[in-house]
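Two complexes, one shared chain (chain A), two partners (chain B, chain C).
Moving on to the complex of A and B:
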């Protein structure tokens, strides 16, 4: 494989590498007919990212003759090629990447100002194909926002925060920090950030849901999104199913697939998930919930998450990942929950799904919301649009 | 504020007196060679030369000409002493590092001669600090025998571009290889680290290249060891001219002349940071000379140079 990048695209590639480095330690490089794919997966296999650069992204792109030109390398060594990111645009005129597995050669050549030539011959390993299976179009909810919106949102949470809970209904999205331990909850600072539907370029919510995922991985994507200025799309539905973050333009497609916390004690296939009524009965207290959407602290039993699907704290179910070569492409297929034991978080099961009593009530701001009856109709309807039979390969909804 | 009003028991007693209105003109340049605790000071009527050495393989020199000083009086042809450079720098910067425009720290350096401490008078805004630092027996600096006639290759570069390359060098590499050649690649810095190797090439016609004089490519030196059994005893000879009939065996090792230990060259980046131009020269033995042209606060020129031995740790081929 031989390709040449010029001008500002070099920085785009470097930013992609930087973004991937926030997720995993190894970079999987796979030149394909439809472009160059850079992928990574995190150590617990609960997050996957792929940057696909189409041939048009390059000044010249020569795909490999054989399809087995795949390699992986320590991501730090690729980052070393693109040091001093800020001055990259000004100094680098052209970048050439050559990969020849037979000759054990992976070379990055940077042609810089003043005739300076930087050549990096990196060591690498052969690898199998790394592809995740996910279905963006099959997700119940789709939100698209300018990257600045998400960057500003994430800014409000402390850098040490691991997981964030996102709740969505027809009008808005709530971002909250997720605290595992019950004991910690009473001591921790709870932050809640609300974005109305109007702030999004696209706001399609077919299912009111509340998902919890790792904030660090979202931040990793935002590293790239912010510099590219491309709108970020979020695809998700119920907890446990992976969430997909995506950016696209004419020459580039970026997908981050993140696992979300699921409910333990549920059977692993989607049939039973679908039949389960995830929402508790809607009560009049629903109106009170919106009273506190601006201020951090929430009220006692009344408000809080009574209408939201409970955010349970259970084992993560990572998206299904294919390790072997020759597996299917990323576009179709259903996601299956994997064995909950694999990967990260094992937490004690809550007796009731309800969050513990909160401290005090905030008194400001009324709310403008559809009536509870409207809410429940839509919620029930959305269940039918939901997940199809996991056994069904072509993804058609089950009757 | 000059200190001439504060003469100390008459200057006639001192073998060396040097004054500066701005002590930074001395301290900045000394920081560029302060990679070891001890430094050798040698003063002559031409000025001050400060030398720092490391493990007999690396030597750094800073030259501050007498013209830089507001006063430079020396009673002998050559005055030498050794001091703790770290302590000296702490004293020179005793008024802190912040630069308020218009305010400078003045220095008066006085030395009585052999066996006496080095006296420093530092003044800023009317406050005077007196420092006395013990001096030690001056050691003979290494003579690398690096003279202009032995120089095989010479290159003068603008420091900006070399700074960029040095800041990006792969520090997991034990050596830095410097290749200078009349043909491609004209001037190359190479590292061999954990993730692979990297090369930085400067073409001879680059606008960062001020001078390019390379007579021959000098990368390797071949050393052939000959083994003989003579009268029952085992001999090992090292030679390129030998009568092969007597040989019982030989092996050949290739010593790359142009490799230098990264750890030795790392301190030179401080000098590189201060400088505007750098000259890189190698001689027939593979010794490296880096000379840095440094402009001080007042725009005056000083020099710092580094000499480095080639890396002798060889991997048998």
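Moving on to the complex of A and C:
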């Protein structure tokens, strides 16, 4: 892969990296036919972000010949390349990014003023595809607003605020800070902010609902949105299903996917319901990658003790693996059972592009390096997790 | 027990916010006393060993367009609340361009002071932000703890130099010592001195001016104009006080010296 960026687009890329750095620690870079994708996921895997730069964003973009150029690196090293944003605009005229698979090297060459050339060689790890699957159009509610509106909204909440509840009806949206802990409730200051539907560029509410998610994960997006001036769209549905925020223009598509609390007081695991976007190449990837498996979350039916299907069970369909559900089962109260199994079998039929039926399937293709499951942290008890790591590389279920 | 108030003027809102900001920088919790005509922010730390005590009296008419209060009992028409001024400060911060601000005492999951600000918006419907600040109602039997401190007789009363200058000096001195001796006389001279084993530093201010002596000073006629009255204070507390001053940062403050304490009064 080889691409060249010029002028102010270098700054846009740098801002994208910075935005991603606020969410996760590792950057997944994947050159695709339709552009360069930069992705990350947070440590608890409850938030995912993707910046897709189309070939038009670049002065020159040479897509990879084979489709398996994917790399993962520590995001801080990429940030170091674009060190000070303000001077970037003034000094950097051109930026060239080359990906050399054989040498495992990603080279950033910054052509600066006065003939100065800065070359950064970053090494990376091969990685599997990190791609959340979600369906924006299928969400019941869609709100689109100018970024300033959202920035003004979050101003009312303290920067340290983790969770926020958003409830929506036909006329207005209410943002409230959410306090989980009973003890804290009596001490904490509660803030509520109400915006009328008229303030939004687009306000489509088909379901009166109330969702809770982590505000902190979005701050990176809001900063980027404000600097780009692009309107932000929120897609969400019932609690438990992930919400998506996206920004689009002709050369760039940004998507942030966040898990939402599944139900008041009854945190269930993995209620993310993200439907599969039909992308044929994905299955190929699964078959080809060494350490891959797909972690699938069933809506509320992770049976702790049920058999985990073997990862690549079905050749053509993303296998269902009830990843770290086991771990979470201990911490949460409930787990429903059976349907998961059945669902898995039905998958091949369903994934032919039909919108799923009521029994949602959720898929999140995650990286599956054998890091210990991160489910135990407190936030996760209430947050649903889109993906989890499994203990074993060979795909046997994690305990 | 009821309380409802409204601020409609942006200038009043800003002033009120500045007062609250000052208080929030001085202390983590304080007591708010509401009477029919006034609001008081009070803190009574034990002053004996170098603590800070604060008393702030505000005429409600200067800030509020509407103010209705019903105290705990007809013979005790006052309300004492304990709250965290930082919460109040935070709530006011984002309401600076509000069309109106309403405050009232409510009972949600606990007694709260609820502030609701109506903010300008792009549409015909205003944005409303509501903050519920948890408060503790202080029972009547504890009210006597919060009495207005009397300003005792003082030796010297002097206008302070620009706070910024003073703060700069004190910031540097803080690195060298924990205690500072402040001395002043009636000729407008003031010295800030620190002394350690290794070094002693003093900063001299001249021509500061003394307020007219008519306000209760001990006027021994024998009090010589040049005699310095001294007080030793904890630098950190002094610094904290100076950095909290936001109300009128450019105006001088009056300092009254009574050994062993200093009273600082913003004007």
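Note that in this section the second predicted complex is superposed on the first by the 263 of 399 C-alpha atoms of A that agree within 3 Å, B and C clash if a C-alpha of one lies under 4 Å from a C-alpha of the other, contacts with A are read in each partner's own complex, and residues count from 1 in each chain.
Following the convention adopted for this analysis, contacts are C-beta pairs under 8 Å (C-beta built on N, C-alpha and C of every residue); 3 or more make two chains touch, one makes a residue touch a chain.
Quick caveat, the model's predicted, so the values are computed rather than measured.
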Quick one: chain B and chain C on chain A, clash or fit? fit
Would you sort A:159 into first (chain B), second (chain C), both or neither based on which partner it touches? neither
Just chain B (first), just chain C (second), both, or neither: which does A:189 touch? second
For A:74, is the partner it touches chain B (first), chain C (second), both, or none of the two (neither)? first
Using only C-alpha atoms, work out how near chain B sits to chain C after the chain A superposition, in angstrom. 7
Taking the two structures together, which residues of chain A meet both chain B and chain C? none
Of all residues in chain C, which touch chain A in the complex? 87, 90-91, 94, 108-110, 112, 121-125, 127-134
Chain A to chain C touching residues, read off their complex: 149, 155-156, 158, 172, 185-196, 198-199
Enumerate the contact residues on chain B facing chain A in the complex. 161, 164-165, 167-168, 170, 185, 194-203, 205-208
Could you please specify the touching residues of chain A with respect to chain B in the complex? 73-74, 76-77, 80, 83-84, 91, 106, 114-123
